[in-house]
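A, B, C and D label the chains in the order they appear, each numbered from 1.
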Amino acid sequence: MNTRDINCLVPNVMPDVQGSRDERELPIHRVGIRGVRYPVAWRGQDGGVQHSVAQFAFSVALPAEQKGTHMSRFHELLESGLGPLDAATLAQLHDRMLERLDANEGTIELSFPFFVSKSAPVSGVSALMDYEVSLRADGPRGAARVALKVLVPVTSLCPCSKSIADYGAHNQRSHVTVTIEGEPMVDAAELVALIEAQASSELYGLLKRVDEKYVTERAYDNPKFVEDLVRDVAASVARLPGVRHYVVEAENFESIHNHSAYARIES
Amino acid sequence: MNTRDINCLVPNVMPDVQGSRDERELPIHRVGIRGVRYPVAWRGQDGGVQHSVAQFAFSVALPAEQKGTHMSRFHELLESGLGPLDAATLAQLHDRMLERLDANEGTIELSFPFFVSKSAPVSGVSALMDYEVSLRADGPRGAARVALKVLVPVTSLCPCSKSIADYGAHNQRSHVTVTIEGEPMVDAAELVALIEAQASSELYGLLKRVDEKYVTERAYDNPKFVEDLVRDVAASVARLPGVRHYVVEAENFESIHNHSAYARIES
Amino acid sequence: MNTRDINCLVPNVMPDVQGSRDERELPIHRVGIRGVRYPVAWRGQDGGVQHSVAQFAFSVALPAEQKGTHMSRFHELLESGLGPLDAATLAQLHDRMLERLDANEGTIELSFPFFVSKSAPVSGVSALMDYEVSLRADGPRGAARVALKVLVPVTSLCPCSKSIADYGAHNQRSHVTVTIEGEPMVDAAELVALIEAQASSELYGLLKRVDEKYVTERAYDNPKFVEDLVRDVAASVARLPGVRHYVVEAENFESIHNHSAYARIES
Amino acid sequence: MNTRDINCLVPNVMPDVQGSRDERELPIHRVGIRGVRYPVAWRGQDGGVQHSVAQFAFSVALPAEQKGTHMSRFHELLESGLGPLDAATLAQLHDRMLERLDANEGTIELSFPFFVSKSAPVSGVSALMDYEVSLRADGPRGAARVALKVLVPVTSLCPCSKSIADYGAHNQRSHVTVTIEGEPMVDAAELVALIEAQASSELYGLLKRVDEKYVTERAYDNPKFVEDLVRDVAASVARLPGVRHYVVEAENFESIHNHSAYARIES
C-alpha cells in the first residue's frame, strides 16, 4: 500500500496528505516557509511609510499527532494584504497566521533594507544611507513578543593603534547590530541614530571635502575598541524606556588583518 | 588629555591599552576574532586524517572591570600548532584558549568542508561527496560542551505531489542539518550516513545511468515532507547512544516555488 | 615632502588631491563606486511603476594624465533625483554621469528584485513571484548600449531520468538567465514570460492542490536537459524583434547531486 | 510519442538520451557542471605542495547537432586522480577533459583558499595569511590558455583624507585582484608579494604591538587612492617577464561610506 492509499481517503476532493494523522509522536518546534521575497511598506513612528523589499520566514509549531502543516496558507497571508507594517501590525499578522494555520504558536521574521536621509556634518548636503532592519514576532496566539533588530555600519578607530603610533591610527568599517524587545517599541530610525552616536564616526552616503575632514578628525578624536563599541551602545540601549531585553553585537572588519574583531553583550 | 596619556603608563614598553581598567561596569558576554580561515586536519573515529580549510571564531567572556581582551593571543593559538582535530582535541584547545586569555569561559567555533567517499548504488563507482561539518566548544574552563553539526544535502520528494498527480512528483535538493551534544561523540561520517538513510534519496558525486534509474525510483518510492524528514532524522538521532541534546533542521529548496519549506525539531 | 605638500597647492580651498596630474601614464578602464543600495522606481512598458531596492555600480574611464576621479559626484547623481527608471531614462542617467564626471565613457549597473503577479494555472489564485532584474548602460557619451538581464527561477525535469526510470523523474529548481541588447528593448515582464514558457514548468508563489497536480504533471510531460533549456530559450529570444545580442544561461541545482549542471549560448 | 520512445532505442542498454541528434541547430558555447567542491593539492614553484579545498567548474562546447553532453564524465575526471595541480598539470587536465568528452574546446575553472606564512614586520612572529587563488584553462585541445588570479586583501589609506585632516586619515581593508595570462606563469606566492608591496600596507594574520605601530605608520606614510592601487599594481605586473595579458582590480570597503570605491585596469 503506498502513500496514496493511506493518505487520500478524503472523498470527492483531492487527497489531503498533510491533514492525516502522524504516528511518530514527535512534535515539530517550527515548520513553515522561508526565503520569501515580498514588497513591504514600513511605517515609522512619524507615520511616514517607506517602500522596501523584505525576506520573510513564517513558521508554526506542529503537534505530535499532526502529519503536516498547510504550506500554501503562509503565502496566502502575504497575498491577503499586508498593509503598512510596524510592530503593532506585525503582531496582528502573527495572530492571523496562527488562526489561519490553526496553530498555538509560531514565528514571523522579516528583514529589509531601510533608508534614512542624513545631512553631511559640515556641508549639510543630504543623502540616503542604507541600513538593514529585521523584525521577529514569536510566541503564542495573542501574546507574541516582537523584537526589532538594526544593523548599522559605522567607523571604528583603534585606540591601541592611535596610542602606540607616532601618527595615524588604523580604522575600518564595522557592523553594530542591536536587537531589542520591549514596550513601547523604539523607532528604527531613532535606534540607528542612538547607535551611530556611539561609534568613532558615523557613515554617510555622500560627503564633500569639508565633511571628509570632519569625519576623519572625529574618528581620530574618538577611538573605540570593539569592546568599547558594544559597551557604549549597550549603555545607551539600556537607558531606552521600556526595553525588556537587548543584544548588542559589533564586528570590525579590521583594516590590518583579514579577519574581524567581534564582541557581544546580552542583557 | 588623549587616550594615549590615559592608557600608556606602562613603563619601558608599548602602552597596554587593552589591559587598563574599565569604568562602565558592563561585562562582555563574548569578545574575540571571527572570519579566520586556517588549514585543518580532521581526525575521524577510524583514526584517518582529512585535510580541509576551516573558518574559525574564537571568543571569551570579559569581566566588567577589564577594558579589553588581547586579540593577538587568539591567532597565536592557531600558530602554536593545532594538530589533528577531533572532539577531544578541540576541548583541549578550548582549555588552552581560556588559559592563554586568562578567561573563565569562552567559545571556539569552526566549520569546514568534509568529504566522504561513496559508492554509487548499482554500478558501485566511487566518488567523493562534500558535506559541511561544524564544531563548537563552549563553556567554562575544563568543562566545555562540544557540539557537532553536519549539513547533509539530500533529495526530498513531495508525498502530496506524488499522491495527487497521475504521474511524476516534484522533488528537489534539501539541506538536513543536525547538531548534537553528548558523550561519546558520534563520528561525522556516521552521522552523515544516518541522515542520508532517512531522505527520499541520498546524493552522490558521480552516478552512471543504472544508478540514476535507481535513485529516481528510490526517491519516488520514498516520498517525504519536510516534516517527515525532521521527524525521521530526529527519531534516528535520538537513538544514538550518549546524545544529550539535538537540533534537527531541514530546508527544501522547492522545485515548484522560489522559496523553501523548512522544519526544526529540538530535543 | 609629504603628499600634502605635493597635492594641496590649491589656494584658499581644501586641497584637490584627485584633480592633480598623474605621472604613471596608465589610463584606468573604469573607476567609480559599487555596492550602493538605493530605492528605485522601475517603469514597465505598460507605464506602471514598481518600487524596489537596487544595488548600483557607477564607473567612468579615467585618462592616463588624471590622478583621480571625483567619487562623491557618483552619489550626487543618485541624490539629484532618479525618477522612474526604464531603458530610456537609464541612458539619460548615463549621459548625465559622463557630463558630471567629465568622462568620455562609463558604465552604470543596477539590479533589483522585480515582482510579477501571476495566476495559478488551475485555481487561478494570484500571487506575486520574485525575479532579479539587472540593467547595464555602457559606452561613450550619447551612445550608451543598454542591456537588460533577467534571472528566472523555473523547474527542470531530467529527460534521461524519466526515460530510464520505471516511474518518477528527478527534477529541481533551475535559474535561467537571459541578457539582451537591442532596440526597442523588450519589457522585463514579457521576457520573464517568454523564458517561463520554455521551462519544464514555471514556478508560482502560491499553488492550491489542483495547481500542484497540474505543475507536477506539466513538468513530467515536458522534460528538459539544461542543454534543452538554453536552446529553447535562445530560439525564442532570437525571434524577438530588434535583439542585437543575447546571452542565455541555465543552471540546474540538481536534486541528485550536490553540484549544478550549467549551459550557456551566446549569439 | 513521448521522449522515452524517441530516445531509448539503443538495444540492450539503458537509453542514451544525451547521445541522440538535436534538430534545433543551435551550438552551445559551454555546457558542464559547476559548484563542485573537491580537495586539491596545489604545487608552488618551489615544489612544495599545499592542501586546500577548491570549487570547480568544468564545461565544453557542444556542436549544434548533438543533443547533450555526458555530465558524469566531468566528475569522473576528478575521480581519475588529480595529482598536484599547477599551471602545467591543469593544462593536461584540460586536454584529458576534451578527449574524454570528445569536445573541441572547453573550460576548467577552480578557486581555493591559499596560505602564505608571513613574518610580522618588527617582531618577526610568523603566521599564516589566507588568499583566494583561481585558475582557468580555456580554449581548444592542446592549446589551452591558462590564467592565474589572486585576490589579495590589503590596507588602503586615503590621500585626500590625510591631506585635508589636521590628524588621522581614513583607511580600510581593500581587495586587490590580479588576473594574468602568460608563459612562464608566475608563482601565486610571488604574485601575492608583488601586490602587497604596492598597498598602503599589507595585512598579517598576527601582529604584536610593535608590529601594529609599524603598519599604522607605514599606511599613513603611504597613502593610496583606489586609482593609485590599480596603477601601481598594474605597473608592477606589466614588468613581470612573459605576461601576455593582465587585469588589475581594486575594491576599497570604505570606512567612511557604506559602499566601495572600485577601479580596474586591463592591459
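We take it that contacts are C-beta pairs under 8 Å (C-beta built on N, C-alpha and C of every residue); 3 or more make two chains touch, one makes a residue touch a chain.
Owing to the predicted nature of the structure, the values given are computational and were not obtained by experimental measurement.
Chemist: Out of B-C, C-D or A-C, find the interface that copies A-D, where copy means more than half of the contact pairs are identical.
Modeler: The pair repeating the interface of A-D is B-C.
Chemist: If you tally contacting C-beta pairs, which comes out ahead, A-B or B-D? Let me know.
Modeler: Looking at B-D and A-B side by side, A-B shows more C-beta contacts.
Chemist: Quick check for you: after a Cα superposition of chain C on chain D, what is the rotation angle, between 0 and 180°, in steps of 5?
Modeler: 180
Chemist: Measuring between Cα centroids, what's the chain most distant from chain C?
Modeler: Looking at centroid distances, B is the chain farthest away.
Chemist: Based only on mean CA positions, could you tell me how far chain A sits from chain B in angstrom?
Modeler: Those two chain centres are 24 Å apart.
Chemist: When the C-alpha atoms of chain B and chain D are each averaged to a single point, how far apart are the two points in Å?
Modeler: 27
Chemist: Two-or-more-chain contact residues of chain B, please, as numbers and ranges.
Modeler: 14, 36-37, 75, 130, 160, 164, 205, 207, 209, 213, 257-259
Chemist: Residues of chain B touching chain C in their complex?
Modeler: Residues 129-130, 153, 155, 157, 160-161, 164-173, 201, 203-205, 207, 209, 212-213, 215-217, 219-220, 253-259.
Chemist: Spell out the part of chain D that touches chain B in their complex, as residue ranges.
Modeler: 14, 16, 36-39, 51-53, 72, 75-76, 78-79, 112-113, 115, 125-128, 130, 205-210, 213
Chemist: Which residues of chain C touch chain D in their complex?
Modeler: 3-4, 7-8, 14-15, 17-18, 22, 24, 26-37, 57, 59, 62, 67-69, 71, 75, 159-160, 162-164, 221, 223, 225-227, 230-232, 234-235, 251, 257-266
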